[in-house]
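Take a look at the structures below.
Two complexes follow with chain A in common, the first pairing it with chain B and the second with chain C.
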Partner chain A sequence: MNGFPHFDQFLTAVDRDAALAETSSRAEAALSRRGLLGITLGAVGAIVFGKTSVAEAGAGLPASDVDILNYALVLEYLQASFYTEAERSGALSGATAQAVKVVGATERAHVKAFRELLGSRAVARPTFDFQGVTEQQRPFLRTAVAFEDLAVEAYKGQAPKVRSNAVLAAAVGIHSVEARHAAWMRELFGITPAVNAFDRPASRAKINRIVASTHFIVSRPRMKARNKPHFTG
Partner chain B sequence: MRHGTRLAAAITAATFVGLLLAGLGVSHREKSIATATGFAALPPAPAPVLKVGRPKMLSGERYVSRWTVVRRPTAAHAAPSASSVVVARLGVSAPEGTPNLLAVLRARTGAGGALWVMVRLPVLPNGTVGWVSRRSLGSYQVVKTHLVVDRRRLQATLYQNGKSVFTAPVGVGTAVAPTPAGDFTIRSKLTRYASPFYGPVAFGTTARSAVLTDWPDGGFIGLHGTNQPGLIPGRISHGCIRMRNEDIVRLSRLMPVGTPLAIR
Partner chain C sequence: MRLRSPEVGLGEHDSPGEASSRRAVLGTAALAGLVAGLPFFRGLFRLGDALGSPSKAQDAKILQLVLQLEYTQVALYEQALDQAGLDGELRAFAEAALAHEREHVAAIRKALGANAGSKPTFDFGSRIKSAEAFRQAAIDLEDTAVAGYNGQATNLTKATLGAAATIVSVEARHAAWVRAIAGEVAAPDAVDTPMTAEQVARSLRELGMRTQ
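Moving on, here comes the complex of A and B:
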């Protein structure tokens, strides 16, 4: 027992846009359509010879891997936005404020890398409403622990489904970074950084359910209209 | 002296040979282990398809402004406390039909641990601020632009990351119905309406005329085009900021809703 109840015991709220669920269902559909081609020769060439750009390498990936990458991108968007908003709020202090700068910078680098790889196939950044969690130290840390644990479980859950070894290598590289973040946030929150001898993966359904329960993904407010103005003129 | 030099050379040579032998020894051990365990037969690790660059530290933050919208009807208080004086009642929509946008200034934890946000209010007197419960507000959005309207020079300038990216002449209010000075926010963007008077694009702002208080919807100041471009620049409006149509169209491509508006 590490003294940290599960995420959904802390955060009760809906994925109002169903953005994560939509991405997930696309990934499921793509996986169910598994083709025989695997990685195309173009992707193999890019990976082996390193003569093509990252975007070109991404162009040859199996559809199921692209959807898994997009699924991961949504989680990276979530984390990057969370830390960015926390840093901008200026409400956090001490070692937590320092950690936020470092971890946020890393998560933003992940987002950039995914977007470069996926190019036009990258899902758009959802709108997040963190409901003040980024502006208070304890709620922030509690949520950060949950997010990092969630990311680690999510990467672990998708790894066996990845078809391209090059994608798997990238995912493992990020997975271990997320695990370090999880340990760091746990330490800052005052709970044991590492207690288990074996970490279990989490299914997409579980991740979706947890993220949706936060209500952190929302619709972007529509600030445009076609109504006739009534300004003073 | 000569003896010392020879000694130093001998030590250096001995060290070099020693390191070389040690290196060969490690290499040999590794080779032996690989042969003994079968590691040598393992394929090389695949190169990751993802190229993650250096961590991206936030930059240009001094040009960032935050805004939010009212998510549920609420009251703005004089202090971060529900028991403090109510300075304004806030609905979820602005008069132009868009969500009620508020500029976020700062946040504070009040009594009982509740979070309160100081916002700029779209009420008279202009410049009024108040504290709103964070629970009543939506997501935070950010912009890195700000618009300055200079009433003396009759000119509007848009800055992006602190750099001027747009300048145009404007029409402002007459002496009888002046354009109010102060810090406000662009809160809506209206297009495709049927009113040549306002031109092709009109931005709603949180500024209000201190004179035309009985104007429909409360006398809010807009930033819009015109069907009388010959009057610009000039002091010709009822308080609104008018631009030539080609300028307001150009501005609409550069300026996001939520942009702070400083009228000087």
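Moving on, here comes the complex of A and C:
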């Protein structure tokens, strides 16, 4: 992993079962038997909030839920940018390339849903520098496993703190999708998709520390509303 | 090479088996502290989606529901490992999932104490007679488990929600794993659609749960 200065530190911090150190590509062909046709990515907002418009659902949110949603939004920005960059790099092949199309579209849908829900309170997308890991299949998959396991822990840590039932329903429905992604990326990387009977949560402080250790975020997200110049005309 | 980090206590994971059983103890303790000693609730599967405000009594009712899900999973994997002629990665999946589901049953039973519902009987029919049929049944059941847990999230007290969340993501991992083995899309939706208790009950009956 030479050339990725913070990469090993990141993976060391995230790698729970030491399995990431193993290398096996036995599973990379597992998904190639059938194509990934027929994917439908319903509008997340419509699924979660039903007939209530997303804007209506967002309007009455408690401040603590807005805070949690913005935290989740940063993680989704990170993932969406990561998969999009990997897809565009053209370096991925086979079942991995197919899976990344699906997962990337899903993470972008999560970003869109949170941004719509938060409206002007949404934090802006940070600038990312993935330090080359999106340009090679094995380092990419290794990092994807770490990100997805991290996202599962992050959502799990926040779910009991959510106050609005609409936001909670969204959060748990996304939490299990992130767990599916984690298992999928593990399968593609060639390690056990489900290691333990119980998945642990992680605190925001811990997630923040791990994400910061990667130096993948090169500019801090800011509240959009605060950055808008006042209308002076 | 093994990666270690003092920050996240990777030392715990030196032996996967040991880490797994330690986790089970933690999960069990967390659940047990929440709803121990509550009276038994009948009419388990008549839970609606819009239940009352979360309470320990309601938590117990919901835990009885998810216990039925876990019993069904244990039975399907046990019987398929005996009879479906599983080999390769599908067998490895069934063995790993069975071990996890047994830990879930133990944790939920401990949480419910003497009121825990007993194990139903099952007739899985042709679903355990071939690897292909089992694979599809496992996909259906794991997807149902994810949808069933998710469907009750807003009905649980926050403490029990936290404990249930440590299980549901493992069910989602199983679902994705067996879907990947089958060559299917492991995560077909951007948000997993929840199921009501009634939908879960119907799905379990369709899979082969006979009595409770």
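Note that in this section the second predicted complex is superposed on the first by the 166 of 233 C-alpha atoms of A that agree within 3 Å, B and C clash if a C-alpha of one lies under 4 Å from a C-alpha of the other, contacts with A are read in each partner's own complex, and residues count from 1 in each chain.
Heads up, the rule we're going with is that a contact is a pair of C-beta atoms (placed from the backbone, for glycine too) under 8 Å apart; a residue touches a chain by one contact, two chains touch by 3 or more.
Keep in mind that what you see is a predicted model, and the values were worked out from it rather than measured.
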Partner chain in contact with A:88 - chain B first, chain C second, else both or neither: first
Touching partner for A:156 - first (chain B), second (chain C), both, neither: second
First (chain B), second (chain C), both or neither touched by A:174: both
First, second, both or neither for A:165, with chain B first and chain C second: both
Contacts of A:104 with chain B and chain C, given as first, second, both or neither: first
Which of chain B and chain C A:127 touches, first, second, both or neither: first
First, second, both or neither for A:221, with chain B first and chain C second: first
Residues on chain A lying within both footprints (that of chain B and that of chain C): 47-48, 102, 105-106, 109-110, 113, 165, 168-170, 173-174
In the complex, chain A residues that touch chain C: 11-18, 20-21, 26-27, 30-34, 36, 38-42, 44, 47-48, 99, 102-103, 105-106, 109-110, 113, 152, 156, 159-161, 165, 168-170, 172-184, 187-188, 192-201, 206, 209
Interfacial residue positions of chain B with respect to chain A in the complex: 45-58, 61, 64, 66, 69, 95-99, 101, 107, 109, 113, 115, 134-135, 138-142, 173, 177, 187-195, 197-198, 202, 204, 209, 212, 215-217, 219-222, 224, 237-240, 257-258
Residues of chain C defined as touching chain A within the complex: 1-5, 7-8, 10, 13, 16, 19-20, 23-24, 26-27, 89, 96-97, 99-100, 103-104, 107, 146, 149-150, 153-154, 158-159, 161-162, 165-177, 180-181, 183-194
List of chain A residues in touch with chain B within their complex: 43, 46-48, 50, 54, 57-58, 61, 84-85, 87-89, 91, 101-102, 104-106, 108-110, 112-114, 116-117, 127-132, 135-136, 164-170, 173-174, 218, 220-233
